[in-house]
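Once you scroll down, you'll see the structures, which are given as structure tokens.
In the two complexes below, chain A is the common chain; its partner is chain B in one and chain C in the other.
Presenting the complex of A and B:
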């Protein structure tokens, strides 16, 4: 109940923005607000990983791409020619596959978005586990480079495989019917509806994470952040908590990828690019590493401005500049200058190494 | 595989390998004096190539290259003085993010100054089709220039660190910073100097590789990753083994072309990086005891 009270202002703000846009005839802003909400979903997940568990990841664009690309590929690749295959027809009769029509009236047989969504999330979980076990043993520079490397491998694979559309990406991704009448798609008619779906999802994710960091797990994570060795000595299973947080944030990224891909009707390889992953880290840093609300507001605000084209050709440069300025002058985020996490005060022992 | 093809691949591998080695040594120089991995290392290589290409119409090539190297060194010094020098005990995470930011800014600035066109310096000797026959393989003289200059750079650096006063001071800094301060060494200046030095060797590498690999505003990130892979394989902070590791990675990449598609070539280097990080984070040639004392 208490949680609902803290969420209420956000809920009010979401509705207020809708009403304001409707009143001023600027409903088109809701399109970017919807997209920003999905990006923010990824960012709050990454915020828990970076701010609370203290693990940097420069590869979350990769998980976003895994979610987006898998659901896009599964829901667009036509299995019509395999219809006589017994496995395919069995899957069809179980409702895993759905029929449809393409632009030219030809019949399509593709995976149902719900199943594609579940498969994509499962894939993200499995990959996050497999990558996370060795990667999270690393620290600092090594961890940063390893996750960066993971992101680049995903980017290269996407760019080099025909199944994922190579440099063109995948387009004409069908709408995602969540429930009858509740559709994730880029239709103009569904703009308001999609705005609320995106923000609903973001708020659910936020409540989940707020509860998580206030729980036993959250305290364990903060202990790990303070000192991994001390947490270990207190009986916290550091490896397991780090891994679980990593997987959780990967799932958030994958879900963001899945929904945004259905909303945009397509996905391109730039979504998996290094710049995207760096941008997510920048947004978490701007909001204040261990500050979910900060990450949420800055994530939505800066993504919205970027999507509106406010930065023009200097888009990447602006994010680079923000990254440097925040880290130089306000390493704990511009919204939480007074609050200092322990690691920011801790001296590094690197020089003695 | 015929002998000619084998030699051809070998030289291709050695060329790229020596560039990777130079980038890795740049990483090591800065890491040794500061404990920072400078993610903007690849950008120095890009700047060297681009600046020399822009200066070429106004002056002969050797002068253009020398000016480009000097200018990049100035930029390296400025980066250190503006962004890093005045920070008090920054955390590793903070330094990672700052150097990534510097890398992005440099790249974006370059894309606005030079555009997205691919440029190149002309070949130093002859042109694109000049070739020397070595055991039946046809090798461009530029390949030999790259390998030769990189070898010379490594040798000069070795002499510099062993015999000159500044070189010794830098080594003292990396061995024990507090003791170096007590001996009257200005460690802050040594840090600035390490940025200047690694910017310089990066820029020179960028100039000599430009005719073969071309220069573009965004080549930095790829080179930084390869250079880091090499630095890790050799053991972070260990300049000598970085050379061996660099040549090794270059050769692996060159020969991998005959097994996997070219599009996956970058993925191979990164896969090697990941495997090394997981299995032997202290590097193939590094000692695990020494690595245990460092904070990564």
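Presenting the complex of A and C:
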């Protein structure tokens, strides 16, 4: 109940933006707002890992890609020629596979998006575990480099693999029917609906993470960040908590990838690129690291501007610059910067209480 | 049988023999102190017991069970709590939240139940909060419960650290120089507090520099010098021990 009250202003803002766009005839903004919401979903997950558990990851673009690419590949690769295979026909009769038509009227037999979604999430969980167990033993720079290496591997795999469409990526990804009448797709008519699906998902994600931060688990994570040694002495199994957080944030990234891919109708290798991972880290930093609301606000705002082309061809350069400026002038995030008269400045430490 | 038994413990750092052939036992319900000049190996000894450091050789038995080789969080699970000489507050958390972390082992909500805030989690959370507030009250710092822990005065941080350790409901509490950085008044306060902790049924092993505190409250004292045990006796006897006087006051 208390949580709903803190969420209410956000909910109101989401509705207000829709109404404002509708009133001014600028509903096309909702497209970028939808995409930004999905990116923000990844960013708030990464925020818990970085800001609260204190573990950096420069490989979350990889988890986004695992989600997006797997669901894209499973829901587009035609299994029609295998129809006589008993396993395939059994899967078909269980509803794991669905029939459809391609652009030219040919029959398609592909994995149902719901099953593809679940498989993609499971894949992200398994990979995050396997990567996380060795890698999270590392600290600081070394952890950053190891996760960066993971991101590069995913990038090169999707770029080299025919199954994932090489440099072209995967297109013609079908719509994801969540419930009858509730469909994730880039279909023009579903723009408003998709805006609310994306923001609904983001808000649910935010509520879950806010709950987490304010719980036994969240306190353990913050304790690890505060003093790993003392957290250990309190009985916190630090290795396990770090790993579970890593997996959780990978799941958020994968879900973001899955939904955005169905919304866009495709995915390309740039989504798996290292620059994307760097951007996510930058956005968590800009939002103030241990600040879910900041991560969400900055994640949406800067992604929106970027998607609207506000930074032009210098897009990645702008994010690099933002990262440098934040580190120099606002290491606690943009939202922490408040102008105050010179005479009032020394009071910061006291006010913290 | 001793609750905690240290048996021929050795720790080498390269060429330095930090702890050398140290053996002693702590009986249930007593306050035992380990004293010695700076660099005598007291903190190293604590780190060996709590699992923060591996020993070079020797054994540490808790209730007859070997605890060497266990990780710190496993040692904590057995009922061994500790504090630090340089207080390790969890920064970015309030005093209350710091103490609530101490309830970690007394609660079990995981990721999923925490995220969905299931009824069981909510009930557990209420108990954690109540117990933690109670401990802050016991240590007379309830009024700063919602203040960021790292911005508290040193003595108050010490109290939060005590509350945090007590929240674990340990069988034995290892206190690493609890009077470090405190003035005489605060030191006396800590002494009274340690006696009260013992009255709660918690065995206390403390490492201390401050002789006055140790003489007042300890049942038994172990003296370390350059990593070796040079005496183990009642406080009154330790005060008379020529060997101890020599290392504390220097040779005549």
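One rule holds in what follows: the second predicted complex is superposed on the first by the 336 of 353 C-alpha atoms of A that agree within 3 Å, B and C clash if a C-alpha of one lies under 4 Å from a C-alpha of the other, contacts with A are read in each partner's own complex, and residues count from 1 in each chain.
The criterion applied here is as follows: a residue touches a chain if its C-beta (ideal position, glycine included) is under 8 Å from a C-beta of that chain, and two chains touch if they have at least 3 such contacts.
On a predicted model such as this, the values are computed, not experimentally measured, just so you know.
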* Asked: A:212 contacts which: chain B (first), chain C (second), both, neither?
  -> second
* Where does A:85 make contact in the superposed view: on chain B (first), on chain C (second), on both, or on neither? -> neither
* After superposition on the shared chain, which partner residues are touched by A:237: those of chain B (first), chain C (second), both, or neither? -> second
* A:152 contacts which: chain B (first), chain C (second), both, neither? -> first
* Report for A:227: first if it touches chain B alone, second if chain C alone, otherwise both or neither. => second
* Decide which partner touches more residues of chain A, taking chain B and chain C as the two options. => B
* Asked: What is the contact status of A:274 with respect to chain B (first) and chain C (second): first, second, both, or neither?
  -> first
* **Touching partner for A:141 - first (chain B), second (chain C), both, neither** => first
* Structure fact -> On chain A, the footprints of chain B and chain C overlap at residues 349-350, 352-353
* **chain A-facing residues of chain C, complex** => 50, 52, 71-73, 76-77, 81-82, 84, 88-93, 97, 100-105, 107-111, 114-117, 121, 124-125, 128, 147-148, 151, 164, 168
* Asked: Which positions of chain A touch chain C when the two form their complex?
  -> 3, 208-209, 211-212, 215-220, 222-223, 225-227, 229-238, 244, 248, 290, 349-350, 352-353
* **In the complex, chain B residues that touch chain A** => 34-37, 83, 87, 89-94, 96-98, 100-105, 107-109, 112, 176-178, 221, 225, 228, 232, 236, 261, 263-264, 266-267, 270-271, 273-274, 277-278, 281, 293-296
* Complex interface listing, chain A residues touching chain B -> 54, 56, 58, 134-135, 137-146, 148-150, 152-153, 156-157, 159-160, 274-275, 278, 281-282, 285, 313-314, 316-317, 319-321, 323-324, 327-328, 331, 343-344, 346-353
